[in-house]
C-alpha cells in the first residue's frame, strides 16, 4: 500500500517500533528465564552424569506388564506403546459409559417424576463435589479389594459373570475371529442404513410411519445372530478355575476401579452440561413444538436435542479431555497406562526428564487430537443448524 | 461542487481559522474501502453535522479523527498536530478531542463522579479536589448534579448520555466528536441530550456531530456534510441543504428520511 | 372411578401432587417404584453404616493427624491464631463490600435477624461440620479457636462495615487496602516460622496449598490472558503455546515430574521441598486455566469501554488497568471460585504423586496403625475425608452460583 509522504516520528515515539520493542523485551525476559532453566539443567545433569537423550527408549524394559503380552526384554519404546494403548482403552470405554450415564442423569434432573429428578440431583451434587482421587481410592481399596469376595467364593450372578477381588469375568465372544466380527457388524450396519433409507422414502411418499429404527435395528440384530451361528461363533462364559478365572474375558480390578471412578465422576459433570444445554433452549421452542402437536419424545428428539447438542458439544469435549488426562491416576492403582509405565521405567533407571517429557508430549498430542475432533463436530452441527 | 459560497467548499473552514484538516484520507477494512479520498476542514467554533445512510463511513470518519481507527492514506491534522505513528502526537490529539458514543460507554464500575474525574486526574494530573469541583460544575451544566454519587446502571439513558458529555468536557477538549449520540435513546429522552448539545454549540464549542436528528442539524449546524459510500457527496449550509440540494443522492436520502 | 371422573380434577393436595409427579403414566409408576426402592435401600444401608456399624474411633483417635498431620502440639496455637486472623480478614472484606453498597445506595436492608438466618441457612453444612469436628475433640484448644475466629469475624465485619460506608481520605483507604493484601502474607510467615512450610500436612496442607496456588497464579494468569488477547503477534503466540501445553497435560503427571526432575532446573543450592514443588506446580498449572477464565472475562467487557477510555486520552496500559480489567475480573468471580474448588480437590493428587501426608494419604496411613490394621476401616476414613472435601466444595459451588445470579442481575 502506498503512503503519502508524511513526517516520520523519531524512532522512540513511533508506535510501530514501540510495539515491537515491547514484544521483544517480553520475549527476551521469557527467553532468559528459559535459558537459565536450561543452563541449570545442563549443568546439573552433567555433574551427576544423567543422560539427557532419548537413547533410553532402546534399552530393555526390565519389568513386565500384567495383562499384556509383554516381555521384560523388549525395549522401553514398546512399553510406552502398551501404556498408550491402555490409556486409550480405559479412556474410550470411560467416555462411552460417562456419556450414557451423564445424558440419562442430565435428562433425569429435568424429569417431571419427582423421585427421578431428586435422585439425579443427588447423584450430580454428590460426585461433582468429591475429589476424583478420593472416589477412585474408595472404589479400589474400599469396594473392589474389600467388598468383592476372594476368588474361592466369588459371586457368579446368572453364571454369566464372575465377581472377585482377583478380577471380574465378563462373557466374551469365542470361536470367531475379531475380523469376521467386524465384518458382521459392517454388513448389519449397511443393511440397517439401507432399510432406514428405504423406509424413509416410503414414509415420505405415503406418509405411513417409517419404523426405520425398528426394522433396521431388527435386521442388524438378526444379521449378527445368524452370521454368528453360521460362522460357528459362540460365547464363552467366565468360570472360576482354582485360583483363576477361566473363559470369558477377565477385567483387571485396577482397570475396573479406574473405569468406574472415571465414568461416575465424569458423568456427573456431563449431566450438568446436558441439563444446562437443554435449559438454554428457549421455552418457546418447546411450546412451538407442542402447538404443532408433537409428542413428548418427538419434541425432545426433533426439536430440543438437536439444538441442545450445539450448546453442549464444546464443554462435552472438555470433559472428554479431562477424562483422558484423569486416567493418569491409574498409575497410583497399578493400572499400566502411560503414566504408570513412565513412572516405573524411571524407577528402573530411565532418565526422568526425557521420559516424562515424552509422556507429556503424548498427552498434549492426545488433547490436541481430541479437541480437533470436537471442533469438527462443532462445525458440522453449526453448519447443519443454518 | 464548485459553489461560490465558502460554506460549500469542504476544504475551507466555514468559521474562524482551521482546527481540523482532513486531506485525501482513505481507510480500508480488509478489502472494503470505508473512506474514499475524504477532504474536510473544520474551523474553530464551527459545528459540522455529518449525515448519510448507514454504512456510508460517517462514524469511521470521526473515529479516524481521534485515532480510534488508523487511516491508511492521507493526512489528518488536529490543532496543528498531525496524526502519524508518533505516539506523543496521538496522545496529544486524544487529549484535545472529546468523544461521545452511541452506547454512552460509561464505566459501570465507577460512580458518576469518578467517571468524570478519572481522565483529568490520570491524564492531566489534576488534584482530586479540583477535579471533583470541576466535575460538579459540569454536572450542573448538564443538569444532573444530584446524581454524582450514583453508578451509571442506576441512571436513565438520557442521564447517562449527559454524564458521558460531561465526562468528555472534563478534559477541556478543543473539539467534541458525537457519534450518533441519541440513536440508542428512548424518544422521550432525546430532547434532554440535544438541549445540552445546543447549549454547547452556542457556547462556542467546535463540534462534529454524526446524527439523524435533522431538527438539530437545521438549528445548530454551520455546515452539513452528506456522505455516501465512503465519499463526501455534498457540503453546504443547512438552508441550502434542506431547500435545494444539488446532488441526486442527497435528494434521494433526504426524501427517504424527511 | 365414575364419581371421580365427574368431578373436575382438584388442583392441590398431596394425592394430586403424587399423581402428577410420581404416577403420571405407567412408566412413571415403574420408575418411581424401582428408583424409590433403590433409594430407600441405599439410604437405609447408609444410615445403618453411619450410626451403627461404622467404627468412628479411628477418626477420633487420629483427628489431629488428619487435620494438621504431624504439626507439633505445642505449636497448635499458631494455627488457631492464623485461623482467627483469616476470620478477621473475611469479616473485614464482607463488611467493606457491604459498606460500599450502603454508601452507593444499592444495598437491600432486611433486618439483622433475617440476614443472620440467611447466613446460617447458606452455611449450615459448614457450621454443622465444624460442630461435628469440635464434638470429636477432647481438648479445649479447638473450641477456643472456633470462638476466637467467630469473634474476630464479627469484629472484622463491624469494623469493615463502618469503614466501608464512610468517605475516607485517600491515604486511609490505600493503607487499608495494603493491610488487607498484607494479612495473608503476614499469616503465612507467622505460620512458617513456627513450622516450616515443608512440614505442612493433613487437611491443613490441602487448604493452604489450594489458597497459595490460586493467589500466586494470579499475576501469571492475568498476564497470559492479556498476552493472548493482545494484537501483538509474538506475545500472543507465546501465551497460546504455554496455555495449550499446560492444559493438555495432566496435573498428576506434572506433579510426578516435579517430584523427580524439578531439582535439575534450579541451581543445586536450592533444594525445593515437596510442599514447595507441589505449590509451584499448582501455581503454574492453575495460571493456564485462570488465563482462559480471565480471557472470557475480557471478552465480556464491551469494546466501547476501551474505546471510551482511549478517547479520553488514557494510555492503553491505564485503560486496561483502570477500566477493562476491574470489570473483567468482577465478571468472572464465579468461574474463579470454580477453579479454586477444582484446585482444592486436586490437592489430593500431591499426596499420591509426591508422598506428602495430605488428608487423603493420612486416611490411608492410619488404617495401617497396629490398633486398626486389617479391620477394613478404610471405608470409615475415606467417607470422613470425602465428606470434608464434599462439604467444602459443595458450599463454595452453591455460593458461586448465588454470586453468578447476583452479578448477572446487577449488571446493566
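Going in written order, the chains are labelled A, B and C, and every chain counts its residues from 1.
One rule holds in what follows: a residue touches a chain if its C-beta (ideal position, glycine included) is under 8 Å from a C-beta of that chain, and two chains touch if they have at least 3 such contacts.
Because the structure is a prediction, the values reported are computed rather than measured.
When the C-beta contacts at A-C and at B-C are tallied, the pair with the greater total is A-C.
Summarising the inter-chain layout, the chain whose CA centre lies farthest from the centre of chain B is A. Averaging the CA coordinates per chain and comparing them to the mean over all protein CA atoms picks out C as nearest.
Chain A and chain B have Cα centroids lying 57 Å from one another. For this pair, chain A with chain C, the centres built from the Cα atoms lie 28 Å apart.
Rounded to a whole number, the gap between the C-alpha centres of chain B and chain C is 49 angstrom. Residue numbers of chain A whose C-beta contacts span two or more other chains: none are found. Across the interface of their complex, chain C is touched by residues 19, 22-24, 26-27, 30, 37, 40-41, 44-45, 47, 50, 112-116, 119, 125-126, 128-135, 137-138, 141-142, 146, 321, 325-326, 328-329, 331-332, 339, 342-343, 346, 352-353, 356, 359-360, 363-368 of chain A.
For chain A in complex with chain B, the touching residues are 1-4, 6-10, 13-16, 18. Residue ranges of chain B in contact with chain C, taken from their complex: 66, 68, 91, 94-95, 97-99, 101, 103, 105-109, 111, 118-119, 122-123, 128, 149-151, 153-154, 164, 167-168, 171. Of all residues in chain B, those touching chain A in their complex are 24, 72-75, 82, 84-90. Looking at the complex, you find that chain C touches chain A at residues 20-22, 24, 28, 31-32, 35-36, 39, 227, 232-235, 238, 244-245, 247-254, 256-257, 260-261, 263-268, 341, 345-346, 348-349, 351-352, 360, 364, 376, 378-379, 382-383, 385-386, 389-390, 393-394, 397.
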